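Before anything else, here is the set of structures, which you'll find just below.
In what follows, subunit A forms one complex with subunit B and a second complex with subunit C.
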Partner chain A sequence: MAARMRTLCWGGFGLLLIIAPLLFRSSLAHTVLSQMGIAIIACLSYNLLFGQGGMLSFGHAMFTGLGAYATIHALNAVGAGSLPIPVSLLPLVGGMVGLLSAALMGWLPTKTAGTTFAMITLGLGELVWAASLMFPGVFGGEAGIPGNRVTGARPFGISFGPQIQLYYLIAAYVLACTALLYLFTRTPLGRMLNAVRDNPERAAFVGYNPQVVRYIAFVVAGFFAGVAGGLAALNFEIVTTEVLSMERSGAYLLFVFLGGSAVFFGPVLGGVLMVLAFVWLSALSQAWLLYLGLLFIWMVMAAPGGLAGVLVQNMRAWTQGQWPRLKWSYLWLVLTVPPALAGVATLIEMLYHLQLNAEFDPVLTFARMPLDTSHAATWLGVSGFAVVALGLLAMAWRRFAAQWLQAQADMRLRSGDSL
Partner chain B sequence: MEFFLISLLNGVSFGLLLFMLSSGLTLILSMLGVLNFAHASFYMLGAYLGYTLSNRFGFWAALVFAPLLVGALGALFERFCLRRVHKLGHVPELLVTFGLAYLIHEVVQLLWGRGAVDYRVPAGLDGALFNLYGMYFPAYRGFMMLVAVLMLLVIWLGLTRTRVGLVVQAALTHPHMVEALGHNVPRIFMWVFGGGAALAGLAGVIGGNAFVTEPGMAASVGSIIFVVIVVGGLGSLAGAFWASLLIGVLQTFAVAVDNSLLGLAQSLGLQLSAQTWGYAVWQLKLSQIAPILPYVLMVVMLAFRPAGLLGVRK
Partner chain C sequence: MSTPALEIQDLHKSFGKTEVIRGASLSVVAGERLALIGPNGAGKSTLFNLVSGRLPATKGQVLLRGQPISGLAPQQIQRLGLARSFQITNLFPTLSVFENIRCSVLWQMGYRYNLFLFLSRLTAVNQRADEWVQRLGLQARRDVPAGQLTYAEQRALELGVTCASGAPVVLLDEPTAGMSRAETEYFIPLIREITQGKTLLVVEHDMDVVFGLADRVAVLVRGEVIACDVPEVVRANPKVQESYLGSALGASLQK
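Up next is the complex of A and B:
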């Protein structure tokens, strides 16, 4: 059963990768899908540290960024005719550089996990980023280093000029990297990594040095991050110092957490969410970072398992027949969440409008509704609506939380799990 | 000589400002086990509130009330967000403060705009404190040092000489025992978090006009104070003090020095040109390397003395 389920999941994932560009046919969609693939590899490699190893890294952009720089320089060398490597293998160059830099920098931070690890990786990330600004010859400064991916040999006429060809290259890398990272979690080393995450002392007593285990995972994650960076270099055909920045590292953490770090496929969702947020949400609203921050804080407090955790828990509740008693609470949530979200979002949008464009036109058109931000009545009305909607949501949430806890307790009783 | 003295004074004043931030951070870390990622955001909030309040009510009122406001916000955050994730462990606690840093960054941009605000040194403190061989030392820098030293004294006396301070110290090492004696430890944690935030806010009020008050100020100082507490030794207040001074002085000197290895080599009679291997490294001026010096110091420290300056080896 489990084996069939697994085949089904992997088959579905592969199929999705193949048919996605056929379903969404515009060139914008192909660019977005390519970025999603890259983000998926980066997030999965991040989660090898965060979810599998308990290492909260604030410097993961070091490896994606250095991988991207290595690839763009290799690409330019191919273009100059001094490097006889097909373009499709160039991300591996990025991977090797990611691996080497992780091997160089990994020993100091991996001594501990948790907060100390977070601080040291933050410092290392800042070090690499600040150093990149000092060497414009290698890192291109603000302008960055451009490249041209249509170069070198063209096996079977594949030049990677059209986005769709590059997409399938990325999809192949996504499938390979996902499979390899999944297999890594099934090896004794991967299991040891989980043991070190949960209880380093006991792992040490069994005879494994936690630092060595963490270090190996760090280096492996560096390789896959470098591959992701290399693919990004091919995709955008330019690499700027922004790829090494702290914001990038923070984004990996944020979206891996939102996707769900405890489940293997969580970061896949995280990568998809990341690109959706950067491309779609940022175009939709100026306040997107605020929404993201609020969502993140709420998620940490209410659903620390992320989106994947929520899905898995609900599937379990479904298979164990807990849904009939949860359905009314769910109905209440479905009824109260949209108005609460709408109320809060309207308030936030009005605030942003007041700050950014009020001089030109005080009227904000939000969801086809004209709202005059210069009138007190608008503010009173919208805040009143938001407060009432939030109150209803709070009531529905309390009811849901109580029943959910009850359902969880029942399921634990049934499975005979004492904890 | 005068360059040396003035730079030293500037470095010490910057170091003391760093200490106002890192002291709160390290206290919160050793007490609650929380690496407060939003600590520098409280610093930024202090600067912006200081700007607004000093426009409305004058600088001295801002100096008192902005830190109190920031402290209250910090305490509220501890009570309603941090305490709820406490049972989940230290990583979710760090994550929640990371989310808060994101939020504060956005809210500051929303309320005060995306550019720098014109937060000025008050007229009474504008000008030179004294004149040293033709170089001026600004009066405001002297004032910053005074505030920082006063604050240091208050914390030190408060922690060692008062009853509340003793309870806080005890809660640091033996929270269960303190709870058994009838003290409300979660509330103590809330006060410590709020107090740390207020200190950061105070640093913001006096640092915001000495430097620049802009939305990027939290990020620029945030990673430096992490470096400070790592270099000083995690959980050690005295270590944080010396590390703050060290990094403050180091950076101030480095920014002011325009020499490079190239110049050194030439004065030794070596001829280097653009064809020499690693020319990009040779020609870097010390002032260009200044931004990475704290991080280099951190790496060197971790490699040779992982416990930090005054940290306890575990």
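Up next is the complex of A and C:
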């Protein structure tokens, strides 16, 4: 049963990767899908440290970034005819560089998993980023290093010129990397990584050196991060120092958390969310980082398991017959969330408009509604709406939270009985 | 005379200016069950931490089957054949009962830091882990995360994770701490059963456990071993009685 379920999940995942560009056919969609694939690999590799190993890294962009630089240099070498490697294998060069740099830098931070680890990775990340600015010959300075992926041999006429060809290369890497990282969790070292996360001291008392376990995981994560960076280099055909930045490292943490770090496929959702936010949300609103921050805070407080955690818990509630009693609470949430979001978003947009664009035109058109930010009446009206909507949401949320806790408690009792 | 399974020679430990262990010496014969008793604050847990490598000693030697182990890391000491349990339950809370035991079995069966084999294919490992789950009486809770077990179940698992590694020398730090009388009564035969053929050093407060389990009793007072002999002799020792005077433990000693 479990084995069939697993085959179904992996089959579905593979199928989705294949048909996604057929469902969304525009070239913009293909670029977005390619970026999602890259983000998925990067987030999964980050979660090997964060979710599987309990290591809160603030420097993961080091490895994706160095992988990207290695790949773009290799690509240019292929273009110059000095490196006889097919373009499709270049991300592995990125992977190897990610692996080697992680091997070089990993021993020191992996001594502990706590604050020390976080601080050292932060420092190393800053170090690499600073170095990238100091050596413009290698890192290309502000302009970055450009490349051209249409080069070298063309097996079966595949040049990777059209985005769709590159997408399928990325999809193949996504499937392979996801499978390998999943299999890693089922090896002795993968399990001991969880044990070290749970209780490093006890892991030592059953014979394992926690530092060695963490270090190996760190190196493996470095490899997959490098592959993701390499794919990104092929995708954008340019690598700038931004790929090594603190913001990038922070984004991996943020979106792995939003996707859900305790479940294997959580970072897959996280990668998809990351690209949606960067491409779609940022185009939608100037205040997108604010929305993202609010979402993150809410998630940390209300659903620390992330999106995947929410899904898994609801599946469990469904299979254990808890849904009938939750359905009214859910209905209330569905009814109260949109107006509350709309109210808050309108206020935020009006504030932004007042700060940035009001000199040109005090009227903000939001959701086809003209809102004059120079009139007190508009502010009063919108604020009133937001307060009422938030109040209703708070009531619905309280009701939902109480029933949800009750349902969780019942499920725990029942699972205790059946065992 | 054969080499003792565990020999503690003139061990010292200071925290700042406070000397907690002051020249403790103890020799545990292979295959015996030795109980370590002593009033609160005598340094029993500290002594365990020194022997198992959790804390570094200030001075002195510990020999495990003739081999010096002072200054080694916990995992190195464990690999040389010494396993320990903890007074405060110290498990892998999100891993299941079975996984907890399996983690303890892996190293000794030679799988170490392997990342190219699947756990599910390691039949011998899985079989041994399941045997242990059964011996502990936890088969009904096999797939429950350790953090969700009842206290008594956690104590049983603590014992299992300690012993499943197969180490010939086992240190148990108050295995029945916090258990009810009924639970303790069920627990002692379990300890006896699963430590069979091993050398056992056990810290215990409960005198019934001590006299029900131990071949010999060592008494630690203010960081020194003041007596070590068969229970009847230790009980009659005036120095021991004096150090326990006025305490409940003293009363049970004089019974």
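Everything that follows uses one rule, which is that the second predicted complex is superposed on the first by the 416 of 419 C-alpha atoms of A that agree within 3 Å, B and C clash if a C-alpha of one lies under 4 Å from a C-alpha of the other, contacts with A are read in each partner's own complex, and residues count from 1 in each chain.
Everything below uses one rule, namely that a residue touches a chain if its C-beta (ideal position, glycine included) is under 8 Å from a C-beta of that chain, and two chains touch if they have at least 3 such contacts.
Given the structure is predicted, the values throughout are model-derived calculations rather than measurements.
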| item | value |
| --- | --- |
| Which of subunit B and subunit C A:Arg186 touches, first, second, both or neither | second |
| Which superposed partner A:Pro362 touches (first subunit B, second subunit C, both, neither) | neither |
| Subunit B versus subunit C as contact partner of A:Met134, first or second or both or neither | first |
| First (subunit B), second (subunit C), both or neither touched by A:Arg202 | second |
| First, second, both or neither for A:Ile297, with subunit B first and subunit C second | first |
| Dominant toucher of subunit A (residue count), subunit B or subunit C | B |
| Subunit B versus subunit C as contact partner of A:Pro339, first or second or both or neither | neither |
| Residues of subunit A touching subunit C in the complex | 183-184, 186-192, 194-195, 198-199, 201-209, 212-213, 216, 220, 412, 419 |
| Residues of subunit A touching subunit B in the complex | 54, 56, 108, 111, 114-116, 118-120, 122-124, 126-127, 130-131, 133-135, 137-138, 246, 250, 253-254, 257, 287, 289-290, 292-294, 296-297, 300-301, 304, 351-352, 355 |
| Subunit A-touching residues of subunit B, taken from the complex the two chains share | 29, 33, 35, 81, 84-85, 88, 90-92, 94-96, 98-100, 102-103, 105-107, 110-111, 113, 219, 223, 226-227, 229-230, 234, 280, 284, 288-289, 291-292, 294-296, 298-299, 302-303, 306 |
| Footprint of subunit A on subunit C - complex, ascending | 52, 54, 73-75, 78-79, 83-84, 86, 90-95, 99, 102-104, 106-108, 111-120, 122, 140-141, 143-144, 148, 161-162, 165 |
